[in-house]
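In structure tokens below, several structures.
One chain, chain A, appears in both complexes that follow, with chain B as partner in the first and chain C in the second.
Right after this comes the complex of A and B.
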């Protein structure tokens, strides 16, 4: 991960908050998680990107910990597990597992993102046989009586595994309370995204991103307080004024995450990122999960009916690219940056359909690839800068 | 499967029959629109051929079309066409080959145009790319899509919930979609008849594959194996043709066992079996014959392979069951090789090494297929540790000739065979 905004030497409360978050997410040894376990006696379970039902884990007294790769740490052993044509995040995750960084985790949940992450779940079973390993096989059928029923069983199986690993049994009351807490958190995240859409100069994406990443490590209650604090601080930043930048949506980075330096580079190249798909777990649903009735049923129903159009989900009756075009239009974006990790099947197989959809809608776009350990941003800076200039000059 | 490069290759009777069957199927597909027959595009793993045939529907399998294009030397042009349209160089070449073939007129291996689909049956079994592939194809064709989501055996077993989920989808989505497309009512008795014939053919297929436990092995279970699995992986499961083909094949193989003969290879018959290998991963199709020759030139025979299980695992006892038609179809889908988790794949490979008395495990890791390839380096080490036999690792691709480096692969194979010799000298392997 790149360092904080050294150039500004800013000592303001906002800069301190951002710096603290950067430090938190750079700490691959997860000392905060270890401290939480010692303080509470609870267990902590890691999870790979996109989506897992964190509410369920929370309701059983478990700290869900998002593992989004390891940025640019040196890969010593992880490369021995993968061929050159496989993306970076599984090798850095294995590196973390083998170098002891994830020792404080009592298990890992692998959502159904792609074949690489799916197979990593089996590798994890072999590498860490004493830990909980769960492949969250989310349904690709979205009918309540088929996919919904299957998913409910999957969640119950996960819950039972958590109990075996030392978590509390699941109760409806606890789950309802956890849903309420995560809804509160989700509302705050959506409010920040709304503010950024309206006034992107107030909420630089590089800041919002590290705030969201912190939420993958901290308990949800603490993270919601952090979000309030961040909102309050950015609203008070009167010296942040609009600049002549192009408003763009960034898409394709839902699993392996770009280096923070790349996000900053895009912003410095003249792009206001007004929407993105970073850290999607915090915005997987478009609305609150229902707080009425059976809470497990509400979790299932939200997954079936209210989720983002992620490349990891079958689009069923929907039209590919429709949601992206709508997001462009509703955010007032002037262009799209397709920013996918190298060798990312879901993002790169989706890209021809998504680019066709935005082209049909007359929306400018450009595409480039990255790896989480990309260290050279000059070419992307020039590409993004040219793209932003072309929008400002000709769109 | 028919190829241009095999024209001068030696074959036995069953191979000729297989070639005629596959060619006949492609001819039938080419004429299907004139005849008013319906076609369903679907995939090899998790295919529901008996169900489709019970509706008199012709299956079209895009992976088979892609591999045929690879064998006919056309895939490079097709892949280039797709990449020019913005398909990434990083993704599956089967997909790009298929898209490019469509752009070039959708001409099948017999030189005739393949029909457009009346339905896309997306059997999402063991491969995430399948899902994206049909999302891409649905933009190409004006036809409905029906999804059959087959859960992954993440914990190494098929649960009641998984089976029920798949059966429910068949009942509530797949069958109604076929009824709507064909205007015919689902006939479960007809399905039962087809499944009973499948089980017969599967018995004979397993006998053929297990004949490789003999020394010398009468078959090559990888290169030869792709011919043996051709009918049962494609459009013939449940047909009398398949029953007859597998009966004839089994008789031929049993005769070879009786005579103590080795396998038929492109240059005739393998006279001396020097190395017995288990192979993991799909073959390369663009240089199939050259690739095979690299093994036979060294006296290497593949006695078991996982690729021949990608369209169905039958050697652990599974059979389609006419008494449990939909349930056994669901179990078939759930049991395909790439739907097994990594520990189960290690178990299977280590079991093959032991049961077939193999000298080593060789992995052909293909760039295109993360479902197979992600984790293979760990599989290699685990199998080596558990069996003591040496592992070898080569890299190529399915249908992108840019990723088949003949000299490099040959060099690696030669080194690998030397390693086996060395281990033999040390008394580590046979």
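Right after this comes the complex of A and C.
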């Protein structure tokens, strides 16, 4: 029986696939990326969480590599760069940079997540002066003539820097093909999220999460094949039967990611996670990017008009939390777990507005914090377990 | 008014033993049809649970299809054939309320920790306090001490009641407490006085937990240690003294409270989901 990731002694193809992905994630020295570079002669560029236009990098022959912190590795030098009231992911990223784990990367792109990550991009420039460092200053104005122009200019600047670092020049044909490949990948990811919403016992979040994390390291073509294989395997798992668990949405973990043990703990505590904001880059857009017309324009337009609400995006006249309430309603969720990293400004500044919105909508919620190196989950287990009980018995 | 009968099984997987209860719920009437506790010893918990489940159904003359819900609690996540799982606090509160309808609090004393739970008259948990990771307030600690002293767990209670000059030991740390016991033995303190001292020390911790959880009137002791008459006497002595005396009670089925509570909540949940017109498989999706 392989009902959870715990089936480590299980030698089924699904267990093997999940175990391979976990190994890929644990390999902070990025040996897979190094092997890809040796095989293809291409360059690899790292990027921090939330969103970057991977299509652009792919079109120039670059392997985009998601750097989502370092889990629970010991931080020796990283702590010297940040105060104690700063989250964990910048210090673990610095640790990876300084201990040589990221040597195979030819550069880093830092999307506009928060001031801490903005500062990290500056520090990276000083620490690694020979490598490409780009702060992707995404627009917070979503009008085509203003924010659109600004973003297009930023993408062109990034593209030029990639060429300087050894990438191929950007062509419309190559970008169109890359958009097509990432659209295919995005459709598969959305299909898995849809299946999990309908039958969460079939797609445990701990498994879906590691499959998505693998997509931050592998070339998109390989990852799409992996997604197909995963879908096929979970659909064939007859042993997975539904249990009476509370259906919840997990939100707040869009940048620093929780330890895998925490995700498993939440599921074991009686929660079916039917939606989340993990590995957002793979689901940043609600639909396919247009494959018609100017591909760079399509990338810009998608960013302006089709992105998920995220604490890293400015919301002008809209209401913070409205989209979260809609996601709860459309997914049949019964509650919300606000699961934010300690000291995460974007997540924790939005939380009061989001909790107010879900409270107004009569949706139960609970909140807790984590760090990527959290090792003790007992308190969170109690909180999530009693929350699930309260939903099942008292809602 | 009698409602449709719901049969449910509650399985409480503890660190030392597994408890199983079969509940018949007819709406306003709830009945305990079967209850049993079994030590896990060196076996796989899931195997023990499976064996207990099969023999319980056979004994009562039921089949799995007769059950509306199989509920687990404690470490019950290992039981793969469950319908759903309820957290320990939720189930002990319900079990305590079933065993004694006058109780407004309970204290679950298990092998590895103790937990005081405050509840309302629907057995909804209002608050709780639990021991930290230290083992000195637990059944496992008492078992270790009984081994050092060369007495069985069954003898502990009656021996403690014979004490005339109890010797208090550390209530903070199991290691210090065990050192205290070794010193007491070398000083020639009688076994009865050592045991009563340990019981008083544990009772002091439990009483503080109950007070800080907000217990006001009657507290039922749940978990296996409720059968220890020496501990119960010490707890009554400690909790009954002071500014806010609390009545401490136990029940012959106290050890089964978690399993009973799980079974009752299972039947409740099955009825609730049926009324919603949904299914137990992710009931919210059907709303």
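Annotations
In this text, the second predicted complex is superposed on the first by the 387 of 395 C-alpha atoms of A that agree within 3 Å, B and C clash if a C-alpha of one lies under 4 Å from a C-alpha of the other, contacts with A are read in each partner's own complex, and residues count from 1 in each chain.
The working rule: contacts are C-beta pairs under 8 Å (C-beta built on N, C-alpha and C of every residue); 3 or more make two chains touch, one makes a residue touch a chain.
Keep in mind that this is a model prediction, so the values were computed, not measured.
Chain B and chain C, once both complexes are superposed via chain A, fit side by side.
Superposing both complexes on chain A places the Cα centres of chain B and chain C at an angle of 100° as seen from the Cα centre of chain A, in steps of 10. Of the two partner chains, neither chain B nor chain C is touched by A:179.
Contacts of A:355 after superposition on the shared chain: chain B is touched, whereas chain C is not.
Legend: residue contacts after superposition of the two complexes on their common chain; A:298 is shown touching neither chain B nor chain C. In the superposition on chain A, A:80 makes contact with chain B only, not with chain C.
Of the two partners chain B and chain C, more residues of chain A are touched by B.
In the superposed pair of complexes, A:314 makes contact with chain B only, with no contact to chain C.
Applying the stated contact rule after C-alpha superposition, one finds that A:242 touches chain C and leaves chain B untouched. In the overlay built on the shared chain, the residue A:345 is in contact with chain B alone; chain C does not reach it.
Here the smallest spacing between CA atoms of chain B and those of chain C, following superposition, is 19 Å.
Overlap of the chain B and chain C contact sets on chain A: empty, with no shared residue. Contact residues on chain B toward chain A in their complex (touch as defined above): 85-88, 90-92, 95, 122, 124, 127-129, 131-133, 135-136, 139, 147, 149, 151-152, 154-155, 159, 161-162, 164-165, 168-169, 172-173, 341-346, 365, 367, 370-371, 373-378, 382, 395.
Touching chain B in their complex are the following residues of chain A: 80-83, 85-86, 90, 112, 114-116, 118-123, 125-127, 134-135, 137, 139-141, 143, 145-147, 149-150, 153-154, 311, 314-316, 320, 342-346, 348-353, 355-356, 369. Against chain C, in their complex, chain A makes its touches with residues 1, 3, 198-201, 241-247, 268-270, 272, 332-334, 382, 385-386, 388-389, 391-394.
Touching chain A in their complex are the following residues of chain C: 69, 77, 80, 82-87, 89-90, 124-125, 265, 268-269, 272-273, 279-287.
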